[in-house]
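Data block below; observations after.
For clarity, chains are labelled A, B, C and D in written order, and residue numbers in each chain start from 1.
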Amino acid sequence: MLNPAAIDVPPAAAVANRFNQVRAATVALAEGLSPEDCQVQSMPDASPVKWHLAHTTWFFETFVLAAQPGHRPFDEGFEYLFNSYYNGVGDQPVRADRGLTTRPLLERVLDYRAHIDERMAALLAGGADGNLLALVELGINHEQQHQELILTDIKHAFWSNLLQPAYSADAPVADPTDTKPGFVGHPGGLALIGADAEGFAFDNERPRHRVWLEPFEISTRLVTNAEYRAFIDDGGYERHSYWLSDAWALVAEHRWRWPLYWRAALDAEFTLSGEQPLRGDAPVTHLSFYEADAYARWAGARLPTEAEWETAATAGGLDQLYDAAWQWTGSAYLGYPGFRPSRDSLGEYNGKFMSGQMVLRGGSCLTAPGHTRATYRNFFPPSARWQCTGLRLARDA
Amino acid sequence: MLNPAAIDVPPAAAVANRFNQVRAATVALAEGLSPEDCQVQSMPDASPVKWHLAHTTWFFETFVLAAQPGHRPFDEGFEYLFNSYYNGVGDQPVRADRGLTTRPLLERVLDYRAHIDERMAALLAGGADGNLLALVELGINHEQQHQELILTDIKHAFWSNLLQPAYSADAPVADPTDTKPGFVGHPGGLALIGADAEGFAFDNERPRHRVWLEPFEISTRLVTNAEYRAFIDDGGYERHSYWLSDAWALVAEHRWRWPLYWRAALDAEFTLSGEQPLRGDAPVTHLSFYEADAYARWAGARLPTEAEWETAATAGGLDQLYDAAWQWTGSAYLGYPGFRPSRDSLGEYNGKFMSGQMVLRGGSCLTAPGHTRATYRNFFPPSARWQCTGLRLARDA
Amino acid sequence: MLNPAAIDVPPAAAVANRFNQVRAATVALAEGLSPEDCQVQSMPDASPVKWHLAHTTWFFETFVLAAQPGHRPFDEGFEYLFNSYYNGVGDQPVRADRGLTTRPLLERVLDYRAHIDERMAALLAGGADGNLLALVELGINHEQQHQELILTDIKHAFWSNLLQPAYSADAPVADPTDTKPGFVGHPGGLALIGADAEGFAFDNERPRHRVWLEPFEISTRLVTNAEYRAFIDDGGYERHSYWLSDAWALVAEHRWRWPLYWRAALDAEFTLSGEQPLRGDAPVTHLSFYEADAYARWAGARLPTEAEWETAATAGGLDQLYDAAWQWTGSAYLGYPGFRPSRDSLGEYNGKFMSGQMVLRGGSCLTAPGHTRATYRNFFPPSARWQCTGLRLARDA
Amino acid sequence: MLNPAAIDVPPAAAVANRFNQVRAATVALAEGLSPEDCQVQSMPDASPVKWHLAHTTWFFETFVLAAQPGHRPFDEGFEYLFNSYYNGVGDQPVRADRGLTTRPLLERVLDYRAHIDERMAALLAGGADGNLLALVELGINHEQQHQELILTDIKHAFWSNLLQPAYSADAPVADPTDTKPGFVGHPGGLALIGADAEGFAFDNERPRHRVWLEPFEISTRLVTNAEYRAFIDDGGYERHSYWLSDAWALVAEHRWRWPLYWRAALDAEFTLSGEQPLRGDAPVTHLSFYEADAYARWAGARLPTEAEWETAATAGGLDQLYDAAWQWTGSAYLGYPGFRPSRDSLGEYNGKFMSGQMVLRGGSCLTAPGHTRATYRNFFPPSARWQCTGLRLARDA
């Protein structure tokens, strides 16, 4: 959780400006979608676009506006309806049932957004204090996270749709690379990782702290589709020795044979722009941690730890850090030494998920501009495949 | 399956007229609904309204128009997309995934309807032969079945919705009765049941055949909410001795304590017009077979067999036969002696479901006008509660 | 439930004699089994042999001895431990957990049997009245049912065992037939089926009552392995048109391709004497109702109703009625007209299972000698395959 | 995996001696158990005692004897039957079906043990080389692990048994403590953890490596039953704020309200000696990681990392390190820097489980004497409760 007192707060006008831009960007993501498209929930892990539109708005109403004197809720039912998982705020609807909420209609959710945006504008125009600006900053970052989820969730929904429609003709993709694979070395030793006290960061990025690193090498770019294809062709999905025990069971259960959105012919993949030929020189994406880990073992390498990743990323010389695909690390998602989530509802933001998930670093072609940084810690269960996830190799020096 | 040769076929003009009326009535049912409302599938047993609109249209395209010379499909993908369960026509999408089909949009499905209606009008205007008119008649009856499903499915969807919106201020309800409960007797003996060869009937209503009946008595009206409430108040849901073994397990598993749409306070129920006070003199509805059977045992009676029901219904003197609630019988849904489903795709219409279901007789306040008759055999699994289902008591004389 | 008053009670000495023989026969069935063998429960539907040994004893203690003045239970815990499903007697352990009950040990269960047998002998020697003799008769028949279950359950357990051991070198098998398949006709008309008031019969066989039959034909013998093999070779398991809808889903889910105990090469089957070559002229066994029904449809025939079966069986001329395999009928297991289960605990014996099951008629090579008769109604869910079940064809005349 | 070359190998006679002692101790654990007791598998995570007896023997046959010239297997089927999870050795039976393997009988498994012991004695008497002695040492340690599992699995089986029998009147228990809770501090800095190259250690304890520690404090003893009771009484299981998100879902799903073997009255617990009064001053045991973590949060503390634990354990001054209960740490079970599992079958021993599990440190009252050490890394999923698991608190200094 962010500690408002410790943040170098930007002036209210700058925050208001960012607020407007980010909020408008979210609505823009839904512009080509019908009310039906915004309604559908293709699996329990995904959420309807309409829900994302409402929940990000609920965040500002609940954590910013509700504390203002004289606040009257836009709709009494929304506090419950659009709470994602904040037990401290009250009960929440069952996650898997989000797709059943046909009412409120999309139109009304857009009204809700406009209404809250108006009130937020008034509040920010009135000279908000540092504490409040810090909350708004958190809300903006929270909304940017949901922007990426809107894209990954609608991609999954359209892929689940029998007609497999395209979301947009010019949706973002991870750029191919013409560089050769190569490793840069790091001598190890005591390193400092994590966000310092200045500027915005999520609570899980703090405190900045020391870690000891053994000498290591890390790849200058991400693993490509062509490289991953070689793993498949070499029987990668059929040999137990590359796989963790849990992974091997999942491979059998779900009959994994290639990345989530690849076609069986291994020459095309489903994208936000519909089915497209597979580019061998583009980064492989939509891998689970288990697949990334198995690939690395096959390649005689391993995944970097998050401390190695961050250290190497700030030392420089690496490509495809933030704009191609999130990169699985070999680190379980746990609190840093000295991490303490706050006791209020926002303390539920990150800390309570520190179990059963793996850390991803970097950013993807779907990440909102300016959202990520070297200390950013993304996290998903090791079986998750619907995010824009790839891998970068590491090895002992 | 209907045997076209054996049917006294009405003139083409009359069929065309009925076709137009029934098709328009289906669209009218969806008029107050948003695209989101038409998209949602609240459980695997229910289907989205949009799917009903498309599937009933698919029926005419597949079984009537596709056989016409020069037919070109409205959309190549629809044959697969809107096939419900006709293996003879080809594979079908997974039933539980109907709610994921955001595309085609509602608008396009309505275009599909208009397009097929136009072609059907042209065909019928051209002087259709008896075989074809019989198929159209089957399609009309099929569509009327889906009209009732549209209402029961949207009721379930709106009830599942956290806001529990109303479908319509003046949706049909089962009328209350001011009559006392009473039984009429029947002496038993050899009876004839089932549809004769004249006029439209579904294949499962034929052939007309003899059954031997022991003397019995049957109630002149349906069990009311007030009567069912007495069963609840007497601990009906807590005493195993009223329940079949399978039923008792379900009561425990799902914690059934009252009919599906009743409130816990037992004084109101969710209806198509939203929550309404419970009328004690209205028929109890949305019971599973198991609950109807348990109630009957508690009341010292039993459910009628379907032969008893049909014999008594045609002998006369019974109220609430066709316009209140479908009435569970004690008969498993099986083929009549001499029943033979045809070998073509339409042979899948009824025969292949003759396993694990119980027969309901009569009709409900949601049944399309003119759709039902004394020989009509409705059927659902004994655990189904989302249909408009109630009961009429019987006992040995 | 049997109505003791209505039964022509045999003298106490005859009952005592039968009691001793049947009780000893049960123990003899377990003689070649180790304590481990008697412990195992290979699926929730099956029970450990030890449990069968104890439960049949519990029946006599609970329903006969407990009512005697001065009765003291052999072990306080057994009333709960070995109750199968009698809610009226009290709660029962979870069925699927029977295999966990390592204590009491097999030895102690055998002591329990000896102890109860001794008390029963004393009671019967003391001149029991008609009511009590009728209860003992019921207990004897109940025990015979469990004798067959011991054999089918241990067969399933040994088949589930990776070593697939043999139960006995000379276990009973269904004899082959050298007769040609043939049908005998019946003119139909009013028939009388069910047990009359004299002699022992289960409650579900009564009352004897009239049914109307259309003319029909029924096969003189059971379907053989060779005939069933022809169905498989003809793609029987791959064509939806032979299968009920529920059946087709199960075939896919469980990948059914042949009867339960056949080997994939279709030339051998697992038996109580271990793996044996498949005899083409022996009756096919271990079929579900769904498979029997599909076979009949493929063969251009159907399953007989239970009324047809009973009428034809008593009219004579049929082979393999009682000593080969139980014969699936097309009749759902429901109460006869006028059937009323009694209100005491024994009323739970049959009536509460009248839902979701199909009737089997006849008897099998595993049925205890003298246990079955023409009016006997066996019943299992349509998916059950681990009983010794086959089929006899019928068709409309 | 152990690297035989790097181990200071004890002379063959010492190994042979240890081998005999440990093998005999395993059989002694099963002495009071009947064949039925040794057969039962009370949940998929647990295994039958008979299986443990056989599998530990299989280990020596497969990894030691099979490589000897002229080896003939004791039983051809056993290689498959008693393989736990070594994909490199071949397929394995489904884990959850171990309880179905009634054959081979217990007696034959004991013969198997005697036979393999004899051959091992001959081999060791013949002057085994260092590589082979290292394999035997690994097998001995493997067998000791299964000794503890025999006790925890039979405890679970007897607890699942409705009669809840006692395993032994004088089974080991975690001794109570009369010391006050207290913390000792550590200044942090660079620490060395992990096993060095000398002596036996599992592969996952290596290599010894540097870690940076922040200053911390760690409790001198384990949390007691009385202390844990205070957490329960304070509503610990009802307040979400103490629990990780995954944990909170499990608490609801399984209705966890107290440690696994406590009675609802919170004054007694099931032990290997049957139900016993709960001692307030004894360490709390049979907690999942989730419960340990929630307790620590409630207590204003946290779990130690494994590096903190090992550093503090070797610095000294802590009680109840190895003989009371395994101690959950806050560290996910992952490979140490530089860890590389070997490529042969034994490489599957530890490495492939490095996903989804948490590290436990120390040892328990059920651990075989001499088996554990400060660098030992035990691991179980965070939901596991049937092991003898407790906790020691830590906090930032």
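Simple rule for what comes next: a contact is a pair of C-beta atoms (placed from the backbone, for glycine too) under 8 Å apart; a residue touches a chain by one contact, two chains touch by 3 or more.
Note that the structure is a prediction, hence the values are computed from the model and not measured.
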Joint neighbours of subunit C and subunit B, given as chain labels: none
Chain whose average C-alpha position is farthest from subunit D's own: B
Whole-Å separation of chain centres (CA-atom averages), subunit A against subunit C: 59
Rounded Å distance, subunit C centre to subunit D centre (Cα mean): 46
Residue list for subunit C, restricted to those that touch at least two other chains: none
Pairs of chains found to touch, sorted by chain label: A-B, A-D, B-C, C-D
Subunit C to subunit B touching residues, read off their complex: 85, 87-88, 190, 209-214, 240-241, 243-248, 290, 305, 330-332, 334-335, 337-338, 343, 347, 352-356, 382, 396
Complex contact set, residues of subunit D against subunit C: 34-40, 42, 50, 77, 80-81, 93, 97, 99-106, 157, 160-163, 165
